[in-house]
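The data blocks that follow each hold one structure.
Both complexes shown next keep subunit A, but they swap its partner, so subunit B is in the first and subunit C is in the second.
Take a look at the complex of A and B:
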C-alpha cells in the first residue's frame, strides 16, 4: 500500500478555504466493490452449524457464533434462581426503551447490563435522529431514502414500521424530557443526513445520543425496573419446547451465576465493533462484542446479513491512541469537506456512508492520503493484518476550518464535543483539520425480527443494533437512534403482552439447546476451543483499566476472558 | 474398535429396516408378516412354552418373565360380573371376555422406544398382540397409547383398520373360535397412567389412579375381567420369536441373556437415539461405539439407567452388560432400557432435582406419603440446587429417603426415592458443595 504524503508536509500545504469545487467523477458501485471492506470476499466464510448454516458470515464473527459456550450445567450448581416477567439484556437505548415500555405495561422487569446502565453505543451517537416532522417531508420519503441507502436489501416491513413510528417516537422522547435543538420559534431544527432527500435529522448539539441516554437512564431509575449492573448474560435458557425461558446472568460483582427465569427475554446488546473486524479501529464502546448475536444464535434464532457492516467515514486517524473515535456526520452535513493530501475534494461528502468510506480508503490506498506514522505500523488489535486496513495513521483531512470560515462560531455552538476531542488530540479544529479514516461503526445484520421485534425463537425478542434487516446493506445517519427507540418500545410492549398471557411461566429452565448445539459442532468437526460470547475485548486489562474492584477480582479468578 | 461387528448387531430384529414399513399391511406381509401367527394358530398352547424357554421378559421396565403373566391369564377360568361381586361360573368360550392392554403410555424421561415401534412397525406389534391373544384366549385387545404421540395413534389406527379388513380375523376365529376386537385407546397422558392398574382404570374411562394389589390384573382387570398388560416392545418380539423358534431367540442375546433390547440413549453423547442391540451388550459399547462417545471430550460422570426411577451407574460400572440380571448385580436396574448419560459438565443436584420435580408433578396424589413426600423432596432439592439449602435440609432429604419407600400403592414413590438415594450415595460431595455457605 502506498504510504501517502507525510503528515507535516501535508499540513504545511493545507489552507483553509471557504469554497472548493465538487469533484465531477461519479464512481457508483464499482467504488464499493473495489474498496469497501465488506467486499473483501476472502474475509467471509460460510457458517456450518446453527440456524444459518450455509449463509456467508464474516470470519471473525463466525468464530464466535460457532464457538463453545462459556458455561456448563455444573457451573450452575448452587446458582440462585430469580423469576421475572421480562428480562432485558443490555442497558443501552433499546434496552431502556424496552424496559420502560414493559414496565409501563405492568410487567416485572429486570434489566441486566454488562457494564453500567447507559454504557453503550447510544451515547456515542452524535449526529441525531431521523423523523419526518418537517412540513414538506413525509414518512414515505423517509422510507424511500432508507430503502435506497440500504441498496434495497432490507426488510421493507420493518423499515416501513420504523418510519411510521418516527414522529411518535420524537413526541415520546420529548415527553421523557429529551431536549432537541430548537429554532427561534421553538420549532424542532433539522439538518440533512448523507443520502437523504430532505432535512430530517433532529439533533441536540453533537451529543444527541448522550442526551437521549440521559433521559432514558433517569426514566429507568425513576421506574420500578430492577437494574443489574456488571451482569452480562452468558447464555440463554430454554424450556422443554425449546422456547426462550430466561438467561444465565453472570454477576461480576459477587462472582456467581444467577438463573433468571423469564416469560420473555429481550436482547438489546448492541453491536460488534470491539471485535475489530478486518482490523479496523472502531467507534464503538467497550462492551460491543456481539454477545447478543451469539446468545440468540445458539438458542436457535435466525440471523441475517452477517457479512455486512458499516464503516463510518469519519473516525479519527491520528493520534493513534484515539484512533477510531467518531467525529459526527453532522460536521459533514454542516458543510465540511473531505480533502486528500493535495487539498482536493474527491467525493460528494453527503453520499451514503459506504460510498464515502470507500472513497477515503481509495484515496489512502492510491497514495493520496496523509500519512502520520513512522512507517513501522503497529500490530493490530485483532492479531492479523488485512489489506485495506490501515495502522490507524493514514487518513484524509476533515476540513472543519472551512465551515468555520463560512459560519464563524458554528463549531463552538453546534459541535462542542468536537472541540473537546480537538483538545484531546492537541489541535484546534477551528484552525486545523483533524485527520480521519473510516472506522468500524455499525453492524447492519443481526437477528431476524418481525414488526413486534419478536425473533424466530418464541419468547425471545431483539431490539436495536443486534437486529438485522432494518437498514439493509447500509444505514443512514440518524436511523439507528430511531431504530433502537422504535423497536425497543415495540419489543417492550410485545414482551409484556406475552408475559401476561403466559400463566405460570415456563415450567422448567434448562440449557438443553446448548447440548444440541455442541452436538452439531462436534458432528461438523468444528473446534470447541473458542469460547463465546466474548463479553470483553481481548485487550481488556481489568487489573489496570477498570476502576471497578469487582471486575478485577473476577478477571483474576478466571471468571471472564479465560 | 469392532466397527463391523457392532453395525451387524445393530437393529437386527424389531427395528430392522425391512420391518419399519409404517402402516403398510402389504409390505409387512411381504416381509415376514403372518408367518408367526400362522405357526401360533397351528399350536396355540406351545406359544407360552416358547416364551418360557426363550426367557422373554417384560421389556417395559420390570423384566418380569412374560410367560408367567401369560400363563396366569390362559389358566384363568371365565368370570362373570354379577353386580358388586364376582362369581365363578361355567361360561362357554365364546362368551368370556379377556383383555390385553398393549401399554404404550411411554412418558418416562429418557424413554422413547415404543413410539418408534408404534409409528414405524405397527403391524409387527398387532401381530404380536394377536399371537398373544391366541395363546391366552384373549378376545379384546386395547392399544393404550400416550395421546401426545399423535403420529403413533394415527399409524396404529390405520394399521388396525388394515388388519381388521384382512383375512386374519376370520382365520383366527375359524381356528380358535376367538372373535378378537381391536381398539386404539389414547391414554390420559399422565405419567402414572403407565402403571398396570392405572392403565386398567384409564381403559375403564376413569382417572388413572393405581389400584392396590392384590387382586392382580390377571384376576380382576378391566371391568373385572382377566386382563393382561404387556409393553409394546415385548409384544413386538413375539412374532419373531414364534416364527424363528426358541433357539434363534436365545442366540440373539449375549451371555445368558436372550433376545434383543431397544436402548434409548440420551444425554451428553454425540449421537443420541434408539439402538436395538443384543440383550447384554455392554454399556460401554452403547455409549462409545453407537453413541459416538461423550460430548466436547468430557469425561463420563454417571448414567441414569432405565430413566430416572432407578439407581445411578458410575464410570466404574461402564463395562456392565445391559441385561436385567447383570445391571441388577450392580445395584441398579435395566428398566425401560433408557440410558441417560451425564458428563462431568453436568450438575447432579440440578439433574436429580429436575427428575424429582417430575415425580412430584406426576404423583396422582391418592397416597398422602407420595403426594407430600415427592413434593417435599423436590422442594428441598430445588432449595439445595439453587444454593439456598442448609445442612438441615440435606438431613431432611436423607431422612425422607429412609421413611418413604414402600409407602405408596404403586412404585412411583419408590422410584423417586431410589434415584435420590443413589445420587446421595454417589455424589454426596456435590450436595454438600451446593449448600448455603455460612459465613465464619
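Take a look at the complex of A and C:
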C-alpha cells in the first residue's frame, strides 16, 4: 500500500478555504466493489454448523459463532442458583428499556451486564434519534426512507412497527426524564440526516446517547430491578424441550459462575466493533464483542445478514491513542469537506456512508492520503486498533475550518463534543482539520426477531443492535437509538407476559444444547481451540489474567492438582 | 511531528512500573506493557465515566482525579484505578411527584443532605469534566432545577464528586434529578403531542 504524504508536510500545505469545487468523478458501484471492506475477497465464509449453516458470514464472526463454549457441566455442578421471572443480559439502552418495562409489568427482573451499567454503545451516540413528528412528515415516509436505506432487504413488518412506535417512544423517554433540543416555543427541534426525506432526527446537543443512557440508568437504579454489574453472561440455559430457561452468568468481582433460572431471557448485548473486523479501528465501546450472537446461536436462534457491517467514514485517524473515535456525521451534514493530502475534494461528502468510506480508503490506498505513522512499523496497542493493523495511520482531512469560515461560531454551538475531542488531540478544529479514516461502527445484522422481539427460540427475546432485520443491510443514522427503545420496550413487555403465563417455576435446566453443538462441531471437523463468547478484546488480556482463574475451569483444576 | 509519539515514557500504574509510548493513554499503556486490564474500562472515549483514576504527577504532591482513557501518560506519573463506582443511595420515582408544585419539597425529602453543603468545592475540583458542581447543588437546593441541570450537560456520572463530598451529598444524582424533573414536568412539545393525538385517533397508518 502506498504510504501517502507525511502529516507535517500535508499540514503545511493545508489552507482553510470556505468553498472548494465538487469533484466530477463518480465511480458508482465499482468504488464499493474495489474498496469497501465488505467486498474484500476471502472476507466471508459459509457457516458449517448451527441454525445458519450454509449462510455467508464474516470470517472472524464465524470463528466465534462456531467456537467452543467456555464452560461445561462441571462448572454448573457447584454453582449457586438464582430464580427470576425475567433475566436481561446487557445494560445499554435496549437492556434498560426492556428491564424497566418488564418490571413495570410486575415481573421480578435481574439485569446482568458485563461492566458498569451503561458502559455501552448507547452512551456514545451523538447524532440523534428518528421520529416523524413534523407536519410535513409521516410514519409512512419514515418507513419508506428506512426501506430505501436498507436497499429493500429488511423485515418490513419490523420497520413498520418501529416507525409507528416512534412518537410514543419519544414521549416515553421524556417521561423518564430525557431532554431534547427544543425551539423557542418548546417544540422538538428536528434535522435531516443522510437518507431522510424530511427533517426527522431529534437530538440533544451532540450528546443524545449520553443523555439517554444516564436517564435510563437512573430510572433502573430507582426501580425494583436487581442490577448485577461486572457480570458477563457466558452461556444460556435450556429446558428439556430446548426452550431458553436462563443463563450462566460469571462475576468479575468474585470470579464465580451463577446459574440464573429465568422464565424469559432478553439478550441486549449490542454490537461487535471490538472484534476489529478486517483489522479496522472501531467507534464502539470496550465490551462490544458480539457475545449475544454467540449465546443465541448456540441455543438455536437463527441470525441474518452476518456479512455486512457499517464502516463510519469519519473515525479519527490521529493521534493513535484515539484512533477509531467517532466524529459525528452531523459535521459533514453541516458542510465540512473531505480533502486528500493535496487539498482536493474527492467525493460528494453526503453520499451514503458506504460510498464515502470506500472513497477515503481509495485515496489512502492510492497514496493521496496523509500519512501519520511512526515510520518504524511498531504495532500499536491503541484502544481502537489491533496490533499489526493494516492502517489507520493514514487518513484524509475532515475540513472543519471550512464550515467555521462559512458560519463563524457553528462548531462551538453545535459540536461541543468535537471541540472537546480537538483538545484531546491537541488541535483546534476551527483552525486545523482532524485526520480521519473509516471506523467499524455498526452491526447491521443479528438475531431474527418478530414484532414482540421474540427470537426463533421460545423463551428467548432479543433487542437492540444484537438483532437483525430492522435495518436490513444498511442502517440510517438515528434509526438505531429508536430501534433499541422500540424493541427493548416490546421485549420487556412480552417477556413479562410470558413469565406470568408460566404457572409453576422454571423446569429442569440443562446445557444440553452446548453438548449438541459441540458434537456438531466435532462431526464437521471444526477446531475446538477457539473459546467464545470473547467477552473482551484480546489486547485486554482477560484470558491470561490470573485474577480470573476462577472462571477458567482448566486452570483452576490444574491448580488444585498441583 | 516534533514530539515523537513513540518515545517511551516511564511511569507507575497500580504499583507496577511500566513504560509505553507517549501517545498512549493510561489504559493503553497498561495493555502495551503486557498487563491485563478489564475492570474500570468502558467506552474508551470519555463518556461512560468508568475509568476513574487517581493521579500524582512527578514532583508534585497534589493528587487529581481523571478519566484513564483520556489521560495521556507522562514521565514519572503515579496512577491508581478506582473501580466500582458506588450506586446511588437515595431512591425516588418521578411518578410519585404529583405535580410540579411539589418538586421542591420532594427534592429535600429525597436529598436531605443537599442543604448542608459546606461550599468546600471538593466536588468541583474533582470533576474531570470541569463542571461547576458546587453551584449546581446550590441551585437545586434553591429549587432552580432547570438552571442546575443545565450545568451538567457534559456529566458522565463518574461519581467522583460523590466520593469527594464530606456531607455525603451525591451531587451528580442531585443534578440528574434536576434534569429529569425538568423534562418530566416541562417538556411538552406541541409537534409531538399533535402527532400522538392524530395517531391515537387511528390516523397515519403505515402501508407495507
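Rule of thumb we're sticking to: the second predicted complex is superposed on the first by the 518 of 562 C-alpha atoms of A that agree within 3 Å, B and C clash if a C-alpha of one lies under 4 Å from a C-alpha of the other, contacts with A are read in each partner's own complex, and residues count from 1 in each chain.
Keep in mind that, in the parts below, a residue touches a chain if its C-beta (ideal position, glycine included) is under 8 Å from a C-beta of that chain, and two chains touch if they have at least 3 such contacts.
Bear in mind that the values here come from a model prediction, so they are computed numbers and not experimental data.
Contact with subunit C, but none with subunit B, is seen for A:140 once the two complexes are overlaid on the shared chain. In the overlay built on the shared chain, the residue A:343 is in contact with neither subunit B nor subunit C. With both complexes superposed, C is the one of subunit B and subunit C in contact with more subunit A residues. Residue contacts after overlaying the shared chain place A:523 against subunit B, while subunit C stays out of touching range. Residue contacts after overlaying the shared chain place A:242 against neither subunit B nor subunit C.
By the touch criterion defined above, A:74 reaches subunit B but does not reach subunit C.
With both structures placed on the common chain, the touch criterion links A:56 to neither subunit B nor subunit C. Of all residues in subunit A, only 7-8, 115-116, 118-120, 123-124, 131-135, 138-140, 143, 156-157, 160, 163-164, 167-168, 170-171, 174-180, 182, 185-188, 205, 207, 209-210, 214-215, 217-218, 221-223, 227, 229-230, 252-253, 283, 285-287, 319-322, 325-326, 372, 374, 376, 378, 380-384, 416, 420, 424, 536, 539-542, 544-545, 547 touch subunit C in the complex they form. Listed in rising order, the residues of subunit B touching subunit A in the complex are 268, 270-272, 292, 295-297, 344-347, 349-351, 354, 357, 384-388, 430, 433-435.
Those residues of subunit A that touch subunit B in the shared complex are 68, 72-81, 259, 508, 510, 515, 518-519, 522-523, 528.
Interface of subunit C with subunit A (complex): residues 1, 4-6, 21, 23-25, 27-28, 31-32, 34-39, 41-50, 69-70, 72, 84-85, 87-88, 91-94, 149, 153-157, 173, 176, 179-184, 187-192, 194-196, 199, 204-208.
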